[in-house]
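Take a look at the structures below.
Note that subunit A is present in both complexes that follow, paired respectively with subunit B and with subunit C.
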Partner chain A sequence: MKEIITENEVSRRSVLKGAAAGAAALTVGGVGASTLGASAASAATYNVSFGSNNTNGPGPEQDAAWTAAAKAEGINVALNAVDHNNFQNNINSYLQGTPDNVFDWFSGYRMQFFAEKGLLTPIDDLWKKIGSNYTAGFTGASTGLDGKKYLVPTDWYPWAIHYRKSVWKKAGVNPASIKTIADLINACKVFKSKGLVPIAQADKGGWEAQGVFDIINMRTNGFKFHMDLTAGRASWTDPRVQKVFANWKSLLPYMSAHPLDLGDQDAGKLVIQKKAAMIIMGSFTSGLYSKADYPDLALIPFPIIAPANGTDSIDAPIDGVLASTSAASNMAGSEALMEFIGSTKFSGIIQAISPGLFANKNSSVPSDPFIQSQVKLVNSTKHVAQFFDRDSRPDFAGPIFGPAIQKFLTGGDPKAIASNLKAQWDALPPA
Partner chain B sequence: MSSVLEESQELAVPAKKKKRKGSHNFSGSDRVTLGAFVGLPTILHVLFVWVPAVCTILLSFTFWDGIGGLKNIKWVGFTNYRQIFQLDDNLPIAIRNNILWLAVFALIATPLGILLAYYIDKNLKGTQLYQTSFYLPLVISLAVTGIIWDNVFRTDGVLNALFGDTNPDTAISWLGDPHKNIWVVLFIASWRHIGYIMLLYLAGMKSVDPSLREASAIDGATEWYTFRRVIMPSLRPVNVIIVVVTIIESLRAFDLVFIINRGTNGLQTLGVLVYQNIQGESTRIGWGSAYATLLFLICLGPIMVYLYQNFSKGND
Partner chain C sequence: MVTGKTSKTGQRIAVGVLSVFSMIWVAPILFTILQSFRPYDDVIKKGVMSWPNHLTFVNYYHAFVQSRMWLFFLNSVEVAVPAVVLTLFLASMIAFVLSRYESRFSVPMLMLFTAGNLLPPQLLFIPLFRIYLKIHVPHFINSNGLLYDTQLGLILVHVAIQVGFATFVLTNFLRTIPKEISESALVDGANVWNHFFRIILPLLRPALASLGVLMTTWIYNDFFWAVVLLKTGNKRPITAALSNLQGEFNTDYNLLAAGACMAFIPTLLVFFAMRKHFVAGLTLGSTKG
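Showing the complex of A and B:
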């Protein structure tokens, strides 16, 4: 397990940077004609089932649009959309039951785990065709531990502090002035005095605040320690873990008082409604914004805590599609669908509904400032992590770490929490 | 009352004897019929109840991630049990919640349901309306129940609006505060349970011979005395059902807490822990099975004691 994670650190980092740079270059030179439609010339018609977890925000609209486009290319998609959280919770039985041919999933430990268990169908043949669309980093992130390709990466997004420009302007806080955590706390004090919740914090689902843990840990102790901790190479009783909780505690007075009442969308809406000044969240929160509010959305990196680490790391998870075991009996159709989903045609359709960043280096990067700021953020970052629950074991992140963070947010003692986390990690069955 | 009982026993005894006598002289087709009627349910019962139950108990002594065949199952003895008792913070909360649930159902909700049934049985004005409205919560699906009450109790919900504060930071956190939310959930659960018990009891009371009540009134018994000494005893079969339903409903509590916050943060129950470990993204079958076995034992205890006491009394 050790080597795997280390290898991925390198690949992931280069991936995103490469992708962003490549895409930016393309935008400058004018987007090249997409050549991927070539395969569509074939007259064959395919019937493929697809499991979608894209049910939040603009998800259903996007699914409807791209399945219609796929149909026009001769791929009839039987769409099976399941609520995002339920999809995730049922993934084990889903993959062992009668899974759809192709389904939405993530890069990282969670993909490699299922590949190891033989629950995925490798797609090396397809990658020979589409490989040139991806930088080395994305290619690495799509590869299992056995060296075979499993993922067609689609989109990715960074985690950062998201806010409404107009709210900050009205409160007289200059986003560019937030360099250190002390600056952030000072800004929070201003927002609080204006009657706003400075930082909207959600953790009803048990995963939302994991992103806050990630970023405070990476800022406090650096990227390497964070990856060591998520993979179990560092101990939860390490005093550095306590530093994370201590730093988090200094922000708690400025975060939502009842985070366990709020889901990620509830908290995101507080920012839209101008009740909260900011949220530490993935850029997918932009999906909640109306066309009118969207131009007001902006982001800044989480500020410096330890000067040695600067702002050199972030979470930026990669999403994509995988082929299940059922794809093996429908390989031609499954590959055609996955090729389509990896194409610039697909990214174009999605972007027309809700802008985002795509893995295919020929995808256009929307020129709107919010997307550009995401690209800039990743380009200025040395290390990219996936997210706590994608970097760590699922039987640890979900049922053990999630509740531990909820306990911390409701006044639990960080020392007791950390020693329980260590004991629980040590008690996990060998992976 | 006692005469009624004696009579029924007198009737029962000869019936039993007859059966025993006849047991040797079944014809071939009788045997086939009997075999089908007794054998088929037995096979189905063993296959779908006892085999999974025993498998669950066996799995609770193993490590298994639920993927792949039996060869991936590793025997680990009592490790899972030691771990859930020593390490899992959720377990004490879950046990506390299940006990609270049982206590609230047994001491408040069930008696209230019986009380309602008693009054509705008296054919007050508008009985139909009361009956329907108390029973309504059971007609609504649990998912909808969850959504309705979520809209009432969320920080920016109906209740806080009545209190005049829906600010997410200062309003009362009914569902997010781990010290409060279990009481809110018990309220919602009781809301459903009362109607359920009322209906069961009402059905039973309709079958009580009105002359018994009249006789007791003529003899000068008070309402309470009549209820306790005349109606309750003649409803013994219904009482058994109500006790069993109350125990089972409170011990298997799952759906409501799962809809509210997936059974975390103060709303853990044993049922949730089973689900989380077996069905969640992290299949830890050993732990989940250990919780299930624990729940099985807890359920079995009180129900067996109660059934044994009741039926042994009835067969004397």
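Showing the complex of A and C:
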């Protein structure tokens, strides 16, 4: 696989780029994951506890498969699986209580936040071994504000416009013709005239529309401003924020009329049911499709708004594993497990059960056209952001920004919303 | 007769209003049950509100296998049974003292117990979490030696919270029982232990049965404490484990509905088996003799 993510200047890390590059350079012929198996089998046996948030769908099957493979390599994994929502809601008490050595989590601010609080164990030694498996983008996303490495990235997915090929064909809209936002609006008019909701928009959870804000901001004002804004270096009262809302407003007549009543799945289903023409969503929306409908699913990048920015940035959140404070007393075992989880052996096992995209650049990419189109999308993109709630402060994205966007979608005044956002950001305790 | 006629229309209106309200109340449950029998693909294609083409048990099968229902059901029993027994035992002792040994502390004590019930549990979570991380238990109870993340810890929380209400109910119930019984026992030379175990406890039996049914359903239905005080997925009771059927991005709500329907079967069984006690429990102590 080619370099998926060529550049990533996520939030405050731009100053650390030098450090990240240095770490990568140190990796002279890092241990290829494929060579791990033979040598580790005869080596010491480790006992490591692992906190999984993967209890649904293929999750238990995947966990069973990879823990068995890890055992064969001398890593006994004590698996503690908790459902994703509760795992996420309890992460604070989980990490301050008796956390498992290694656990599932996200990159970006959501990782840095806990690293800053001293609730994670850095894994720089491990990164010297595995660093060559990752592109600079993933390396940056695995680095904390202190320049240390915390994450072993595993998988990721892009955000884009998702649609059903058959619906667009029937309406006579050619996806390749959508180059600019004006093209998109024209297409929306066609869909509307055919009785479809042009864009299914969800925001029941308060996070769904954050992806729409991200992409419109990156297209309108460019990647750097977006990153400055999410990290608080740019102000919410900056006139460029108003441009985002203005551009969004031009799309609102073509979006679902009551987005606050729709969860992400509800909106995704409208596309499947051919009641809506498209959805701006992460590629995980494919999980809703039946085997029969899946080949009909496709994606295109969100079109150009400001020609200077082109379509050079997208959201593509990365998931991975972190070491908790309890790993410090079991470092050898924890690192062995994290190395295994970062290996192509691991990604191969997971992909055999359900396809997806993996961070390790040596891992294979499924031949499935929809997955291929995700890779193509990211390869043609210069900048990769995580997602609003991963790039910004957790105490801002969820409780403050989410409701503000909901207010905007229900007819709130963008100027008042922006000044309110600034006031609330300023009132936050120092992170 | 005029009065008879109005009372009859009054009754009809009452029945009408009550029927409407009970329909409103029952509708979501019936809806959940209906969804639990519908296949996922059908709902995705036609929408949740559509009329089902065919019904299937496949969700129940998957929910049972995928969520390892038995394991979590046994976890619930392991928490609920000791918690209820311990609560009733402690509360009946307190009720005995408060109702039979009147002192100037009786009423303030009773008020304290009742007031404890008014505290929202969410308020107690952070301090309790910190305390549980400081309390050490033998390693055969928890491998990391802390009260946090143990079923024992969960049982203790339930006992502490429920004892207040149980004491309140049992004290009022004991006050309806003539004191003469106790007096004659004392005259016959019963000491405090005999008085409690041989006189009071048997008299409390109907109240204990009703309260036991109520508390079993309450503790069985608890979600909050199970989620915040247990870290290990495999120790969680069924209410918390149900969310194992929910995913990071996509949730099959039909599967979840099937899981929820299975989870409420034990509560229903307890209710129907002991319906009489349940109703008695709700009015317990409401008539003071």
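Criterion: the second predicted complex is superposed on the first by the 341 of 431 C-alpha atoms of A that agree within 3 Å, B and C clash if a C-alpha of one lies under 4 Å from a C-alpha of the other, contacts with A are read in each partner's own complex, and residues count from 1 in each chain.
The definition used in the following text is that a contact is a pair of C-beta atoms (placed from the backbone, for glycine too) under 8 Å apart; a residue touches a chain by one contact, two chains touch by 3 or more.
Computed from a predicted structure; not experimentally measured.
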State whether A:93 touches subunit B only (first), subunit C only (second), both chains, or neither. both
Per the contact definition in the header, classify A:395: touching subunit B only (first), subunit C only (second), both, or neither. first
Once the shared chain is lined up, is A:256 touching subunit B (first), subunit C (second), both, or neither of them? first
Quick check for you: in the superposed arrangement, does A:288 touch first (subunit B), second (subunit C), both or neither? second
Have a look at where A:265 lands relative to subunit B and subunit C in the superposition and call it first, second, both or neither. second
Looking at the overlay, what does A:325 touch: subunit B (first), subunit C (second), both, or neither? neither
Which partner does A:419 contact after superposing on A: first (subunit B), second (subunit C), both, neither? neither
Touched partner set for A:83, first subunit B, second subunit C, both or neither: second
Identify the partner contact of A:53: answer first if only subunit B is touched, second if only subunit C is, both if each is, neither if none is. second
In subunit A, both subunit B and subunit C touch residues 89-90, 93, 96
Counting only contacts in the complex, subunit A reaches subunit B at residues 88-93, 96, 117-119, 197, 204-206, 256-262, 266, 270, 275, 393-399, 402-403, 406-407, 410, 420, 423-424, 427, 429-430
Which residues, counting only subunit B, touch subunit A once they are in their complex? 63, 65-68, 74, 83, 86-90, 154-155, 167-170, 173, 175-178, 261-262, 264-265, 276-277, 279-284, 286
Touching subunit C in the complex, subunit A uses residues 53-57, 59-60, 80-86, 89-90, 93-94, 96-99, 264-265, 268-269, 272-273, 282, 284-285, 287-288, 290
Once bound in the complex, which stretches of subunit C touch subunit A? 41, 44-47, 66, 129, 133, 144, 146, 148-149, 227-228, 231-234, 236, 240, 243-252
